[in-house]
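The same subunit A turns up in both complexes below, where it pairs with subunit B and then with subunit C.
Coming up: the complex of A and B.
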């Protein structure tokens, strides 16, 4: 019986590391531009679908190579979102940006439907055999998921703490106007944020698709989990998003032992409500953050 | 002609729905992204009650009451939130309601939906009932329009606009902003429930797939395109959007391309939302700002 709970815990960590990768981009964008990017979920879906496209005919590249062009295009989509929609709207009222991001997300999602249809798709991989580690069953892809999350967050930590670019990123999310006055190159910082958000979302999407399957709604469904993670960690807080993502993944998977799996999603939904009610700044929120 | 009646009925149902959202989004500035939940609650409640033998007028009253109660219940925890956080909370609320429709199979029959929803005897069913149903829907839409016009032109309506422009100012002027916003959400939810009720008894079949984010986007588009914060705006928006959607059906499309139509339509809707926000955020009909400019 302990191995059953240990299995659920491991599943939770696997799911949580992916949620954390989705949440981090959302948190960064919120931290600097102060809006909730509803089209963030579509970066997840596009990353996954593009990899799938490059790995199947007519390209038929191996999956690990097709990740490269897929992520490049995903980053392109992320930057284009900013260039053509969010930058022109930066000075307008918040509701305009919010509605635009919902519209953008709907457009990109239907773009997926247009190109590849609405049906479930799977990567044409040989059946991944699970490894049994002291009673816990885990597949190679799931190990890859956790390792990639570790690697990506380590790189992010290095970037934010040990480089000048990271320093300016942190300064900008602290106070965007003051940073601009101090001569920080805003274009560079903006680009970095969108590139990071797109790469994290795209990679997370690819890993999720390798583990499960692809469908046009995968981004939207993950986005709500990412919202919950961001709220838990405190909006705009990158490390909060990591912990929030892990927490949600674990809570969701452990809950399967107690409630019907049909209502698994209720955990993150309910959590969003409770957090908004009692702790709207999250557990690691920046002091004075907007709620 | 029968088909034209059908389109008009759908337009009017959506115009009620869009007007109810406009009260919250346009007049009060509440970004409700889960309005479809109340439409769904109205539709499911009325359908379930009337399928279980409750007289239809009673079922309708029960349904819109429940939608209003649900609105109040949603308002209490979420109204302390500002702006985009309220948006997330409502979006999540709609997802929760959708999950309940989908998973409470003993009550809602889950994904199979509820067929054969009865209509009042005096309206009847089939093609011959269309003009009468149109009249009833038109009556409901007119009542909604007049009601919302009265509400928003009253002193209460002006406090809604003050809250939209600056909530702190409203508080400083001694307004109980939470109560005012709660009332707006309850009225919005009741009217959305009414739209859902008419929808359920018109289509006579509902399933959880009818109440998703897709419909939220559609009604949001109606409000934003027509002009949020205006009385005719959502009505115009609903007619434009529904006529556009129905018009597409008449374009002769080779059968191998038919599967591309729905996604393309979705892309166009999304694109219009983005372009509207970039180029004409006030919508086709813009709100008169004569009060806003005098004290600026």
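Coming up: the complex of A and C.
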């Protein structure tokens, strides 16, 4: 029976590392630009669908190669979001930006439907039984998910703490006007944020699709989990997003031992509700700022 | 001149409708001729027309020709409602063949019931249709029967204890209730039952809970996509059991999506014999009228529906819907059509016989 709970914990860590990958971009965009990007979920979906497109005919590339053009295009979409929608709206009412991001999310999601239809799609990977480690099953893709999250967050840590770009990014999130006056290159910082958000979301989406399957709603469903993670960690806090993501993943999966699995999404929704009521600034208590 | 043309058109119209009323008995049909179900709708229409032609060639109904007034519903619930309203209020027809797809059918059945118009279904399976009302009938077996079918399958394969999982919607819950009642009554035991959400991509938590009980067999009442995802993820997590399923997952798409994880699944599906004289007559008639065309999906049910309607119209005391309804129930008792026994029970449903399917070497075959 211990293996049952151990398996639940492992499932939680796997799910949590992917939620964290989704949450970090959301947290960074909020940290600097101070708005919730609803179309963040669509970067997840596009990353996954583009990889799927390049790996099936007529391209028929191996999956690990199709990831490259797919992520490049996803980054392009992320940058285009900023260039054509968010930058022109930067000085306007926050509600306008929020509505624009919701509109953008619909547009990008229906773009997926238009290109590939609403039907469920899967990567044509050979099916195999997972690896059995002391009573716990884990598939190769799931190992890859956890490793990717580790690698990406390590790179992010290095970038934010050891490079000038990372330092300027943190400075900008502290005070955008003052940073500009101090001569920090705003374009470069903006680009970095969108590239990071897109790469994290896109990669997470690809891994999620490899593990399960693709459908146009996958980004939207994951976005709710990412919201909960960001709220838990404190908006704008990158490390909070990581811990928040893991916490939600684990809590959700452990809950399965007590409530019907079909209602496990209840955990993240319930958490969003409680946090907004009692701890709107998250458990790390930092409002804004990429830390 | 304009006036002349207009009045002559009016006169022609009056003459033509007049003559129609003298020689034809009309019934309505809400059929998907455009939209996403149009590929099926054309086949339904052809099967209905084949039956009508045969009836008319054999002398019609009380000497009058049977005419089916088709109204397109654009394959939507909204379109079905306006099509049905037109047939009831403008054409004033006492009997109408309802639209395909259970959700479209359920959208119109309260309207028919309220207007005391007889509504017949030839391809809608949802259990909820049983409760539509006294004016609603169907020649297609209800999903509820499948619950019984799967319970019989489970017992006959010798499984006394099973885990039950079902898709968490009206259809799945209803089906599971029937299965449970039937299976436990026959001495079976359900170790654990859990619903699974529709359209999810990750069922690992559900699978883990199923696995916890080390079952020999799992009854999985679900659709194609959900079924395939569960089979696949169960395979990955090393859950090795006999899967028992219904007819809603019987599709080559299940094999496409789940691959070798679908191997060995056993299920039930409503079926009818293609060896009966009734079926052979239908088949011969079809090949004569539509040479070179394959018989359409549910074509046999549409054909039976029209044939049964003609019998009811023939024996009805008047053309009021109440008389037709009484006649319909009466003539259906013991009526053997192309698709088997079409005797309506008190809720307007028919019985069905079930076949068994399995997946062997990557294709669906009959289980023996």
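We take it that the second predicted complex is superposed on the first by the 285 of 291 C-alpha atoms of A that agree within 3 Å, B and C clash if a C-alpha of one lies under 4 Å from a C-alpha of the other, contacts with A are read in each partner's own complex, and residues count from 1 in each chain.
Quick note on the criterion: contacts are C-beta pairs under 8 Å (C-beta built on N, C-alpha and C of every residue); 3 or more make two chains touch, one makes a residue touch a chain.
Since the structure is predicted, the reported quantities are computational estimates derived from the model, not experimental observations.
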item: Subunit B versus subunit C as contact partner of A:92, first or second or both or neither; value: first
item: First, second, both or neither for A:103, with subunit B first and subunit C second; value: first
item: Contacts of A:113 with subunit B and subunit C, given as first, second, both or neither; value: first
item: First, second, both or neither for A:266, with subunit B first and subunit C second; value: first
item: Subunit C versus subunit B, contacts on subunit A by residue; value: B
item: Which superposed partner A:75 touches (first subunit B, second subunit C, both, neither); value: neither
item: Partner chain(s) touched by A:224 [first = subunit B, second = subunit C, both, neither]; value: first
item: Subunit B versus subunit C as contact partner of A:24, first or second or both or neither; value: neither
item: Touching partner for A:277 - first (subunit B), second (subunit C), both, neither; value: first
item: Set of subunit A residues, in rising order, touched by both subunit B and subunit C; value: 260, 262
item: Contact set on subunit A toward subunit C in their complex; value: 4, 7-8, 11, 15, 120, 122, 127-130, 132, 137, 139, 211-213, 215, 217-218, 253, 256, 260-262, 264
item: Touch list for subunit B against partner subunit A, complex; value: 25, 29, 31, 33, 77-78, 80-85, 87-89, 91-93, 95-96, 99, 102-103, 213, 217, 220, 224, 259-260, 262-267, 269-274, 276-278, 281
item: Interfacial residue positions of subunit A with respect to subunit B in the complex; value: 35-36, 85, 88-89, 92-100, 102-111, 113-114, 117-118, 220, 224, 227, 231, 260, 262-263, 265-266, 269, 272-273, 276-277, 280, 290-291
item: Subunit C - residues contacting subunit A, complex; value: 168, 194-197, 199, 201-206, 208-209, 212, 225, 229, 232-233, 235-238, 257-261
